[in-house]
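Got some structures for you, see below.
In what comes next, chain A is part of two complexes: it sits with chain B in the first one and with chain C in the second one.
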Partner chain A sequence: MSDTHSDVIVQLVWYSSAVLLLMTLMLLLLTLFMHYERRQREKSRQQATEQWTPILFSWIYSPEQTTGPLPQLNAEGFGFVVQLWLQLEQTVRGSASTRLAELAQRLDLIPVMKQWLHGYSTDKKLTAIMALGIVQEKSAFAELLPHVLDKRTIFSLVAARALLSIDAKLGLPVILSQIYRDDWSVSRVAGLLVRLPHDLMVRSVTECAEKATAKELRRLIKLMHILSPIDSQPLIQQALTQYPDEMELLTTAFASAVSPDLLPLLRQQVEHPQWEVRVQLAKALARLGDSSDAPLLLNMLSDPNWWVRYRAAQSLISLPGVDEAQLQLWQQQLTDPFALAILLQVKEEQQRQHQGRT
Partner chain B sequence: MGVKTVLLVEDDELIGKLLVFILQRDGYQVEWLKDGQQAQELVLSGRDFSAVVLDLMLPFFDGLFLLELIRNQAAMASVPVLILTSKMGEEDIALALKKGADDYLVKPFQPPELSARLRRLIGKQG
Partner chain C sequence: MMNDWMQQVIELTHQWVQQLDLAPWLVPLQWLLVGYFVCLSAGYLTLNLVALLVMRSHIQSARTELLPASYASFLTPISVLVPAYNEQETIASSVLSLLQLTYPEYEVIVINDGSKDDTLEVLKQSFALSLSSATCPLRLPCQPIRGIYQSSRYPNLKVIDKANGGKADALNAGVNLSRFPLFCGVDADSILQRDSLLRIIRPFLEDPDAIAAGGTVRIANGCEVKDGLLLKAALPNKILPQLQIVEYLRGFLFGRLGWSSLNALLIISGAFGLFKKDLVIEVGGYRHKTIGEDMELVVRMHKHMRLHQRKYRIYFIPDPVCWTEAPEDVATLAQQRVRWQRGLLESLSANMSLLFHPKSGVVGWLAFPFALLFEALGPALEVMGYLFMLFTWLAGWLDPAALLAFLVVTIGFGILISVVALVLEEMSYPVYPGGRSIMRLFFMAVLENFGYRQLNSWWRLKGLWLWARNSKSSWGTMKRSGKWQNSK
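Take a look at the complex of A and B:
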C-alpha cells in the first residue's frame, strides 16, 4: 500500500518536472524569438533611416532632382519613413515644409494615414493625426474632429493642432468649445493659436466668451491676455458685469486688466465681500490708477484684511505724483491706527529697498 | 582661400544630420558635437572656427554657458555665434543676445534663412 503511494508521488514529481522544463524551454524560445524580432526591427529601422534620410534632405531643396522612382518600401519600412518624415516636418518650415508635404503625396501617404487613424495602434493613430494635419488634408477634417474630444490629453491636443492646420476658421470654434478642459493648459492652447490670423483669433474668442460659463470665461481671459492683452479688456468688462460674485474669475480679470478705460468698473468692486478681489483691485490701481484714486486707496488702508491694507499702501505710494510731502500729509490725517501702521510699514520697506539699491 | 569650418553643437540626431547637410551644401566644413561637455573641451582647446551654430538646450552644459565660454576665450571671442533653438520666449532671445550671440533663429526653421544668416555673419567677420 505504501509502495504504491510512493510510486504515485514519484510519478507526479516526474511529470511536474517535465512540464516545468518544457515551459522553461518554451519561455526561453519565446525570449530568443522576441530578441531576434527586436534586432530585425532595429536593423530595418536603421536601413530605412540610412536610405531615406538623404532623400528627404535633398527633397527639401530640389524635389525636381529626385523625381525618379523612389526606393520600394515594405509596410514596416513605410512606418519608419513616415516617422522620419514627421520629425523633419516638425524641424523645418516654409518652402522646405511644403516640399516635404509634396513628398508625402508621392508616397501616397494620405490613404495609409486614414487607415491608421481608424486602426487600433495608438502610435499609428497619433502619427496619422499629426501627418494629416501637416499635409493639411481637407478630406480628413471630419474624421479628425472626434479626436479633439478624446479624453486623452495628448490625442486631443495633437488633433486640435491638426484641425487648425487644415482649416483654422472651422477648427477654432471646436477647439475653443473645449476651453473648459483642465487638462488643456491655457498656455498650451495659446501655443496652438499664436500663429493664427489675429482678427480670426480675436473674433472667435470673443464669440465663444458670449456664451461662456464663469470658468470658461476665466480661461478665455487668460488665453486672450497671453495672445493679445488689449483684446482681453472687453472680456474683463463682461466678467465684471456678468459674474460679479465669481471670485476666481474676478481675480483673473483684475490681474489681466491693462486698460485705464476699465477703471470705473474696477473701482466699483471696492466693497466686494471677498478680500481676494479687493487685493487685486488695490494691485490693479497701482498699474492703472492715477492721483484721483488716492481717496479710494486711503479708505482701503482701513480694510479688515491685512493683505488688502498692505497692497493698498503699496499702491498708494506708487501712484503718480505722490511725494514725501504728500505722504506726510496723509499720515497726519489718518485716524485709524491700523491704516497708519500699514502705511508706515510699507514706507519703511520701500526706503530699505531703495537704500539697498543705492 | 581655405574651406571655412563651422562648429555645430546640436544634440538631436536628425536635426544635427540635417544641419550638417545644409552647412556642407553651403560649402562649409562642419565639426558636429552632440553635448555641452564635448563642446566645452573643444572651446577650451583654443581651436579657431569661422562660426558657431549653437543649440541652447544641451546635455551637461547648456548653450548659454557655452556662449559665455566662447566670448571669454581669446581665440573665439570674435567668432560669430548663431543660436538655433526651439526656445522662442522674448526673454530667452534677449538673454542670448545680451550674452553675445550674433543672431538667433527659432526651430522650426527655414533652411535658406539659416544659410543666408550664416553667410552674412561669416561675411561680416571678413
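Take a look at the complex of A and C:
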C-alpha cells in the first residue's frame, strides 16, 4: 500500500471515530432524556390513580356525590383510568357493576373502545373487547364477531365471553361453531357457558351433539359433565348406541356416567375388546352398580389385563352390601389364581388404608 | 530501562521479519482482519437497528405491560421445571419465590439430580414433602427416578428425586412428569419476577405458531432480595459484576431481540425459557452430555421445524423476567466463559446440517453462519487481530498514528453498541433507578474496552481450544455467594 493510500485510510478511520463518538454522546443524551420522560409518565400515572380511585369508589358506593363534572383526562390518563375501571369491574357485582357501566357512559368509553378495537396494540384491543362486553354494547356485536374466529386463543376466548355477555342467544351459535377448536380447552369453554341460562345451554349443547362425530361427541360429554352432569347422560346414551367401537369416546362416557338408568347399556360392554373400556366399565359399575353386578365383576377378575382385574376387584369390594363374609365366600368360589390374587391384594390394600386412617 | 528493552524487542522483530520475508503475507492478512471487523460491525449495527425497531413496536403493542387480571382464566397453564444439583443453600428460597408467582394455574416441579448434599432433605423439611404414588410416562429418556414427592403444604409443588444425569437429563425427567402443555425451565439459583410467567406467556397468546419464548436475564448482584423475591434493583459496587451488566444488556437486548424478529434466535437462556411441551418431546427433549443444552435444544427445534417446513416462531421478550448471580471473581468468570464458548460450539457442531441447507431459510443462511463465524470462531480472529497489530507495530510497518486510529475506532464502536443497549433498556423496562445509574453503566461501557473485552476473547479462545481437543465436558464448580438470595 502506498503512503498516500494509507494516509487516506487512516484519515477515514479518524473521521469514523469522530462520527462514532458523536453518535455515542447523542445516544447517551437520548437515554437520559427518556429516563426523565419515563419518570414524568410514572408520576402522572400515580396522580391519575390517586385522583381516580376515590372517584370510581364513590360512583359505586355514594352515587349522590357524583353529579358534578369529572376531571379532564388526556389520552395517557384515559388509558390508566380504563385499566383502573376494568380492574374494579372484575371485583364487583350487581348494582355496583351497573354504576360502573354508567360511569363508562359518562367517560364516553364506547367510541374510544371501538377505536382501540381496530388499532394495532394488543393490550388496547383486548381491553376494548373486554370493556365492550362488560358494558354490553349491542352496537359492537358485529365488530366483535370476527375476533371469536381469531387464531389467537386469548382473543377468541375473550371475544366469545364478550359476545355472550352482550347477547347470549345471538352469540351462542357463534361460540358453538368454534367449540371443537383444539386451543379452547373444555374447562375454558365451560367457564364461558356456565353463566348462560341453564335450559338454553343444555338445549344448545344437545343440539350440537346430534351432528357430532365421535371425537366431537367426546368433547361435548366432557363439557356437559362439567356444566351439568345429569344432562350429560343422554349424550352418553347416544355415544353407546351410535359409536360402540370408539374406545376414547366410550372411556369418557363411562367415566362421566352418573345415572343408574345407563346401567343396562353399560353392562353390554363387558366383553368390549379394548381393555381401556373394560377398566372404565369396572369403575362405572362401582359408582352406579348394585349387588346384581357382582357376577359381572367376578368374571372381570379373570380378565387378561391386570388393570381390569385390579379395578374390578376394587369395584367388587365397594359394591353396596358387600361385607367380609361375602368376600370370604367369593374367595372360596374363585378357581382362577389370578382372580384370587388380585382380590386378596385389593382387600389388603384397603385394610391398610383403613388402618392408616384410624 | 524499559525503553531500552522495547527498543531491543523492536530491533529483533525487524531482523526476524526481514529474515522470514513475511511481507507478502501481511497485506492479505491485514485485509482479512479489516474485512472481518467491517463485517462484524455491519452485522452488529444491523442487529441494533432491527432491535430498535422491534423494541418500538413491542412497546406500542404492550404499553400496559401486563395483561389485566381478568384474562387470567384464559391463560394456558404452565409447568415450571427446576433442576437442582447440590443447591442446599439456596433451593428453599428459590422454590419459595417460585410458589409466589402471579399466574392463575401452574405447577412447580423440582428435580433433585442426585445431589450429594442435603438438597432433598432441605426440600422435604421446608415444604412438608411426602412420597407420592404418582408415576410418570417415560416420554423422554432419563436416569432412574428414585421417588416422586408431593408437598402437603403446596398442592402445586412436586419434587422428583433421581439418579444424577446432568441438567439436560433432569429437565427431561421434569418434562415427563409435567402435566401442562407449556413448560418453563428455571435455574435453581435464579429468581423470577413475580409476574414473569404473565409476561413470557404473551407470545403464546398472540401467536398460535409460537413454540418457545425466552426472556431477559438480569444480574442480581447488588439488588435487594428477600425470601427469594426481588425488592429493589440496584447496581453492585464491585466492578466485575457491573461490567457484566453492560455485557448482559448488550447480549440480550440487541443481540437476541434482533435475531428474534427475524425468527432466527438460536438461544433461549436455560435460566428462564418457556417451551411447548409436545414439540420438545417430538424433537427428543434435551440432549444429554451437552454443556449448552439450552442452546442445543433451540437450534434443534429450528432444524426440525425448518427441515419439515412447518410454520413456527421462537420469541424473545425484552422484559426483565429472571435474575441471576454473576461471578464476582476472575477465576469463576473465566470458567463460566470457557463453558459458554464450549456450549456454543457443541450446539452448532451438533446441528451442522442446518448450515446452508436449502430449506433452512434465514436460520441456516444467516444466523447460523453469523454465530459460527463471529461468535464461535470469532475469538480466534480477535486474538489474531490483537497479535497482528502488535506484530506490525513492532516490525515498524504500522505507523503509531494508524495504530491509535484503529484502536480508537474499535473501542468507539464497542462503546456505541453498549450505549445502544442502554437506550434499549431505557426504552423497554429500565430497572435501575436514577440518572446516576445510567452514567455508571456508561462508564462501564467505556471501561470494558480496556482489558475486560480482551480477557473475554482470551477465555473464549480457550473454550474453542478445549472444544477442538474434545476434552470432557463438565459443569465444574461455580463459586456463588448466594448472599443476594436474602440480601435484606
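By definition in this document, the second predicted complex is superposed on the first by the 343 of 358 C-alpha atoms of A that agree within 3 Å, B and C clash if a C-alpha of one lies under 4 Å from a C-alpha of the other, contacts with A are read in each partner's own complex, and residues count from 1 in each chain.
Here, a residue touches a chain if its C-beta (ideal position, glycine included) is under 8 Å from a C-beta of that chain, and two chains touch if they have at least 3 such contacts.
This is a predicted model, so every value here is computed, not measured.
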| item | value |
| --- | --- |
| Room on chain A for both chain B and chain C (clash or fit) | fit |
| First (chain B), second (chain C), both or neither touched by A:213 | neither |
| Touched partner set for A:34, first chain B, second chain C, both or neither | second |
| Touching partner for A:53 - first (chain B), second (chain C), both, neither | first |
| Chain B, chain C and vertex chain A (Cα centres) - angle in steps of 10° | 90 |
| Which of chain B and chain C A:136 touches, first, second, both or neither | neither |
| Which of chain B and chain C A:291 touches, first, second, both or neither | neither |
| Touch count on chain A, higher of chain B and chain C | C |
| First, second, both or neither for A:353, with chain B first and chain C second | neither |
| Partner chain(s) touched by A:268 [first = chain B, second = chain C, both, neither] | neither |
| Contacts of A:87 with chain B and chain C, given as first, second, both or neither | both |
| First (chain B), second (chain C), both or neither touched by A:14 | second |
| Chain B and chain C, minimum CA distance [Å, superposed model] | 7 |
| Shared contact residues on chain A - chain B and chain C | 87, 90 |
| Contacting residues of chain C [partner chain A, same complex] | 27, 60-64, 67-71, 73-76, 202, 205-208, 399, 401-402, 405-406, 408-409, 412-413, 415-416, 419-420, 422-423, 426-427, 430, 435, 438, 442 |
| Contact set on chain B toward chain A in their complex | 14-15, 17-18, 21, 25, 107-113 |
| Residue ranges of chain A in contact with chain C within the complex | 1, 6, 9-10, 13-14, 16-17, 20-21, 23-24, 27-28, 30-32, 34-36, 38, 79, 83, 86-87, 89-90, 120-124, 126-127, 130, 151-154, 157-158, 183, 188, 191 |
| Chain B-facing residues of chain A, complex | 53-54, 57, 60-61, 84, 87-88, 90-97 |
